[in-house]
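Heads up, the next two complexes both have subunit A, just with different partners, subunit B and then subunit C.
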Partner chain A sequence: MSRFRDPSTISFQYDSVRRCIIASYWIIIALALPLWWKTTSIQRLPLPTSEVYTQAQKKLQIPLEICVDPVFSSQVSSIHASIRNVASYLEVNVNIGQHCNQSAGYAVLPGDQLLIQDRKLYYPTTLAVENLPSTLVSLVAPEMDQRAAQYSPRYRLSFTLLNEDGSAGQVVTGWDIRQAISQYISPITSALGILHNFTIESQVQFHAPLAFEPASLADGTYGLTPENLTVFINSAEWTLSSSSSNDPVLHFVLFVPSAKRRPLTILNLDGNPSSSSAFLIPQWGGIVILNLPAPPPTTLDLTLPDLRSSFSPFSRQLLTLLGFPRLPPSVSSSSKGTLSLWQIDSLLRQRTHENVVRSHDTLRSTVTVVSQIQGMPVDSQVQAQVQGALKALHELFAFARTNLSLDEMLVYSARALTLSSKAFFHPGMLALLYFPAEHKYAVYTPLFASAMIPLFAAAMREVKAWRKERKEAKAKAAKDVAVDGAAMDANAVDTSQ
Partner chain B sequence: MKFLLNWLWLLAGIHYAAGEHTNNWAVLVCSSRYWFNYRHMANALGMYRTVKRLGIPDSQIILMLADDAACNSRNKFAGSVYANTGRELDLYGDNIEVDYRGYEVTVENFLRLLTGRHDESIPRSKRLLTDKNSNIFIYLTGHGGNEFLKFQDNEEVSAHDISDALHQMHQAGRYNEIFFMVDTCQANSMYSTLYSPGILATGSSVVGENSYSHENDYDVGVAVIDSYTHYVLEYMERVNKTSRLTMADLFASYDVPKIGSHPGVRSDLFQRPLGPQQQHPMAEYGRGPGWKVEGEWQGREGEQGKMGKEALITDFFGGVVSVNADEDAGDVSQFEPCDDAVLHKSLKSSPVVSSSSFLPTSRLPSSGSLYPILRASAAFLLLGGLFVFVFIGV
Partner chain C sequence: MLRTGFFVIFLLLSSVLCLEDTVEEFQEQLSFKSLRDGRVASTFSFKTLLKDATPRDPQTLALDNDDSQHYTLFPLTLGQILRQYAITELHLTLNAGKWNYDSWGYPDEPGVGVGAELWAWMADGSSLSIDERWQGVRNALAGLFCASLGSLDEQRTTSPRLSFPPEGSLPDWGLPHELRHASHASEHVCTENLTPFLKLLPCKSLSGLAALLNPHRLFDADWHGMSLHVLWRPVGIEMRLNFQLVSDPLRISTNKKQDWSFASLFDRVVEKACPVAKSSRVIVDLPTYGVYRVHPEPSEILNGKAYYDLTNSNQVWDIGTMWPVDFEYPLSKPTEALLPFSVRRSLFGSTQDRGQLSIVVTNNQNETLQMLYLETMPWIVQFYLHTIRVHSDDIPSDNLVSNITYVLPVPHARPATFESVLTLPGHSTLTFTMDVAKTFLRYTEHPPDAQRGWDLPPAFLHPSYSHRTDLPTTLVASIHHPYLLI
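And now, the complex of A and B:
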């Protein structure tokens, strides 16, 4: 009667085809779920948490053997106690020996004057013997200078000659920087080469204005007040170091005031010119003001003798910035001008101790932060770095007592420090942004709710139809009227639509 | 008794040590872009000028700025940014070092900056190279809402992200103390989730409240600065490098009728007292005339018991390059006369709603963490159920 075909006879309306189509949607969703889960979850590799905590509780004991001449035997326990008091990281062992002068280690011997030579201390018997422990403490474990820069295996030393204003005449056009460095800086960098790797760069600038006006004094000279000194560096206009690497930079600036503002002196707190023309900015570097002599010299290239007055402050400043301990004023060194082994050794011990403490802290922080912040990824590099740092520390602790020299200990501790801070500051360790549950629903609902509802509805309808079909088929079978069951079935499906 | 005394000394010593810092850093973030957000750029540049004036060198100021105002084609005063009607002071000047500019101002870069997790290739000038002796001043301005700050109409940073980042800084020993200041709508929510020690925080407005812009310049054609920042900057003009003014003095200067919103303070994470215990400037904080609700000050109770040096404004805004180790800053207690450069009449033009408040102001504060999840899932189920019923027609 109708010119339309019966839907159940169209190929794509067959129940089986329709069910296949609906099922394929669900199959794809089911297959996609694990993929979605994998792509949206973050990689969090396990870190050796308990190992880190155990390691972080350990304390490194650096052995220190001191051989004391029998003359000073009364002070042995006092030496031991006072060193332990100041530096708990030292495992002090004080022996009384007849042949201390032949030993390669530290030795305290009677002498004519208070003098150090190699690793030996000559202590005059005329001096009060009660002061020996404190002298030894200041040699073996001196207090770290607050102005020292934080330890880094690499440093960049940047030397800059700044002409305040080249256009005002009397410009220093060059300096014999190679000679000056080899004379004043290289002895330090080579002696401390075990601790740091130094890169040196230098430059000359012809226009370097100050960001403030120096005070004009009554006698026609100019002065820098203590307050001026704090803002002396005009970092906006002076480019003091190349930005080619991220190593920490120690700056050394030789500042030549403009011809209009000479001489420029540094003022004390009370406003009087101070005798020094150099000052130090903690952790940053040193500055020396160079006033050209009143009748301007014929040559304006600074030669080595001209640079003497500026480079000896630079070398002192460099030592301070590197944390190099000073000798106690009463003690003199047999090798004037070079760095004594007592000082180098104590710096090595201090830096090793510092590095171990810092890498413990960093490792502990890494593990804590990762466990506290759930959205923080941990990839294989971080894992390897943490394990590497732990390994270096294990080795250091295992061999510290037996067969490691101070240099080797420092190398281990520096490796642990570098690896642990690399792990903590790994660029991949950026936590996922915080999304409250509301945000997640707000993102997923518009997309998925609209797509899922028809799918659910179709599936449920299909299930209902299928169950009804089965029920009717069962009923018919029971009644045993199977004559034209197929037609009835088709009707049943029709009515449900 | 002697034991007790020793103990007290020890405590005092610890607190004293906690207050020491050898360098100052500033992170100034303007998270908005486009011409109509001129005032946010002026806010950040105003702070930049102040910290620079008080002695933080440019190399230790990280400025994140869209920087599309000064050279905007709509800017009649090309190359200048002004923060006041009458255009007395050009904040842009000739010495502005913007470290993160334009599209570099992103949430990711901000969090990387704080946590120090940079790619190898990032230059030193874009890094916050602080250590455990650094005091950091963090200033955020832009459009925000409850517990979030919008970055350039594109993404948001949540208060939780900032708290986590600061916590990681604490863990890594990247700061001694932090002063955290936010000028945005519902700004106080931005510091509500902080949990690391040594942070002093302040914001411009309570939850559910807008922050307002201060004034228009009809030649520039837009609002030039936000009210809260304007009055903070105005106060900062009284501070010089040797000033002994304390943080409590700054907070006590908040004037609600002028600012138009209720600034808040959070000091419970901060170990030092904000001001002198005798005649504390903040004794009546948030209770004066003009405050419609009592001022929010988390940590008011703890203030009494704190020991140590009071927090000076210059602890965060000044550059403390102690040039000589044994040199003391001295006990100079003088004010620099106001140089009136950015001061002007406190005449307030009709406040422009500065920030779109994205959430209705009557929004319930989320009580507990379970509540929003429950609410959201209930809504999800209800909606879904409704749809299914309609579709199947059961």
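And now, the complex of A and C:
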């Protein structure tokens, strides 16, 4: 007798048991598939794509009514055309009226000198009347300064007094910042309060080294070349940025050069010292260089008169950074020093237009990106933000012609802009951006291919075996029938014999 | 043309007064202590006082427009964080190494627990809840100090009832103040944390005593740590930045001398005074044994301490102490204890599911000592309070532990807080043991570098809970549990 058992007598080698085992694998895989599908799928709520595209096609038309005295009636069509030419977002309506001086809107009246007062422009009849359209264009739609920062409902204004090297002899230990701000900056921030909210902060630093050596000049002074100005900000050493808020910051830096490197001047392109000690970094802020006198005192506290030479450049720089348009040089304002309504209104219109264009772009990019990248999740917050931005734009477009004032329009456009950029930069949208389909296959193939091949092979073999068995069984059955028949024949033969 | 311009500016400036503005004050101080194992402990302390300032009332957080903030000596970046989250009092420490109380005595700055520790007092009553502000301040400080403070989340945050009383005063707004405390023992302090620390100082590391803060030497020290404390007293808001280190001159020097000086410890000397420091002084604790020489000659010696005044001095300073004889390690354990009590804390048990926490406290003095004992544990370690056993000199004496407060841990959400009062009779050793269970972790809950195991937070002992006031306020007992892993 053999020492080995016949494999077919071992319980787990029964065909049925083996097939059950193999089938259970497949059943588990089949059951797990929906679970896998559910756990790896992402939430993609529908976005109002077609609405966004329709909205993005639209152009905002801000109404602009100008009442022109009959004296200038010859220029009406020219005014209309030239304004439309530079600012297609304005829906210009020029009327000729007898009582323009009583209207609350914009009015062009004859006057003794080229003067603006409230929303009225006094244009002397002695001047060439052909220049009236260009003067009006520069008042209602001046070109936006490229150095202006992008619109934001909130700004932080950060004033920094930097001593290049406080231990080198002379040091400015303080400044009368509150007074300087209330005198030079607050008039601007309160006049532009309808556009932006401002938060003001200031600090003093006693060691603020430059990252480069200023050029030493023949007369013993030092100079900053135009190339130096581009790398003036030493962000590694100067702690200017604030980490606690996402509001854009406009920096104003009062730089006191070290006693060893004084006086420090700004050089023109030709290498000669410039008369100005201030320069502006577009969309970032302004810098003023303050050269202290050579002899002692060793410690100084800057008072308001000392700060005048630095803060009047700062106030001009602030206006430039906020995109505040300048008056054409020939036009004088009746309210000296304060910001005229013509300028504020044109800034409001420009910012509204800019915000609408930017929110259109952002919304369009959002829906395009979402439709292009299939693995990008869209949660309810993003959906709500996109819808909110669209709603603000709808309302703005619906009421722009009828009953919205300029600052209400700006509020709508700012809301649309804020919501659309929140949606675009929503952190949840990034979740699967870096986990593309290719990545999935790269993970799944090495993992599952090796596991699936034996399973497939086993299943195939079993199917083959089962079919073979069935065939054999059939053949056997057929043979049995044939044998029986033969036997019967034999019997018949037998009987015939 | 240029000259006349300067002349005009000069005329303008001639009206300027010297700074008599006492709104902000900055003081710096450095103290040294020679330790009995031959090491030297140095403590840098930079104090900025914002006179007449008060913390922000949290009720004003709801207002959209914040007041403007103007600082001269106080760092703006920190001021913004404190205002934005209306923090009344804040303490942050980042340390590396285990403070050896038995041979080094009590530290100048009490917070010496290993890793990061952050606690803050905040008033309730704002539109933002305390927990939202706590999360905000954690993240803002993490950004400011380049440290993983963001991980001090609700899984590590506790609010012990008695252990962390406010160091300063709490303003009377009629609002309840609450404490949030969190510690993270695996967060190690390094150069990337020192750079932002130095940027908070008015003179950075370019002049004054801060010029000695040379990262190569600081992080080579046997123990080092930095801390930030902001608190309010009726006189104003006080900010203290400290750096504490224990260096080993015997390791640095080629001979067996205990000598140290600025140059030998920090590889730097003080060359320039910080122009805005109201006072700048160095204090050397004179050794109580042996023959030594302190150089240069101190300006004052008082109560066994040598004082140097470096305020606005143009001199080069290299202060140090020299010994004529070689240092000899004490052969036996010194009989005289440095502290009125000593403590050992350990976690026993090699299995993956349970263990035993043990703390052994020895009272070195004749009087009975009462101390507040605080144990906080992440939920991965669960206490079995019914297994608490207290032995005093090997005699079971459960009555020595009282006033137990226990906040249960919530898995994946909240740590455990155990607070109690221990009573130690004179010259006795108290052994406190408690069984703990180690929970099963999901695979995502394991820390990176999982083979290292977990760093468990330190325990705190506050002996000042008794009526004596001359005792140290807090003692920190740190342990690292190497293989708590599934």
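Operating definition for what follows: the second predicted complex is superposed on the first by the 388 of 497 C-alpha atoms of A that agree within 3 Å, B and C clash if a C-alpha of one lies under 4 Å from a C-alpha of the other, contacts with A are read in each partner's own complex, and residues count from 1 in each chain.
The definition used in the following text is that contacts are C-beta pairs under 8 Å (C-beta built on N, C-alpha and C of every residue); 3 or more make two chains touch, one makes a residue touch a chain.
Keep in mind the model is a prediction, meaning the values are calculated, not measured.
Looking at the shared chain after the overlay, A:124 reaches neither subunit B nor subunit C. In the overlay built on the shared chain, the residue A:147 is in contact with subunit B alone; subunit C does not reach it.
By the touch criterion defined above, A:70 lies against neither subunit B nor subunit C after alignment on the C-alpha atoms of chain A. By the touch criterion defined above, A:282 reaches subunit B but does not reach subunit C. Overlap of the subunit B and subunit C interfaces on subunit A: residues 243. The touching residues of subunit B, counted against subunit A in their complex, run 22-23, 55, 57-59, 95, 97, 107-108, 111-112, 115-120, 122-125, 127, 131, 157-158, 160-161, 164, 167-168, 171-173, 241-242, 319-325, 327, 330, 372-373, 375-377, 379-380, 383-384, 387-388, 391-392. Contacts from subunit A toward subunit C in the complex involve residues 158, 165-167, 171, 173-174, 177-178, 181, 197, 199-207, 209, 221, 239, 242-245, 263, 265, 273, 275, 290-293, 297-303, 305-306, 309. Those residues of subunit A lying in contact with subunit B across their complex are 145-147, 150, 226-227, 229-231, 233, 235-237, 243, 246, 249, 269, 279-284, 361-362, 365, 368-369, 372-373, 424-431, 433-434, 436-438, 441, 445, 449, 452-454, 456-457, 460-461. The residues of subunit C lying in touch with subunit A in their complex are 1-2, 6, 9-10, 12-21, 64-66, 68-73, 75-77, 80-81, 84, 140, 143-144, 199, 202-204, 206-207, 272-276.
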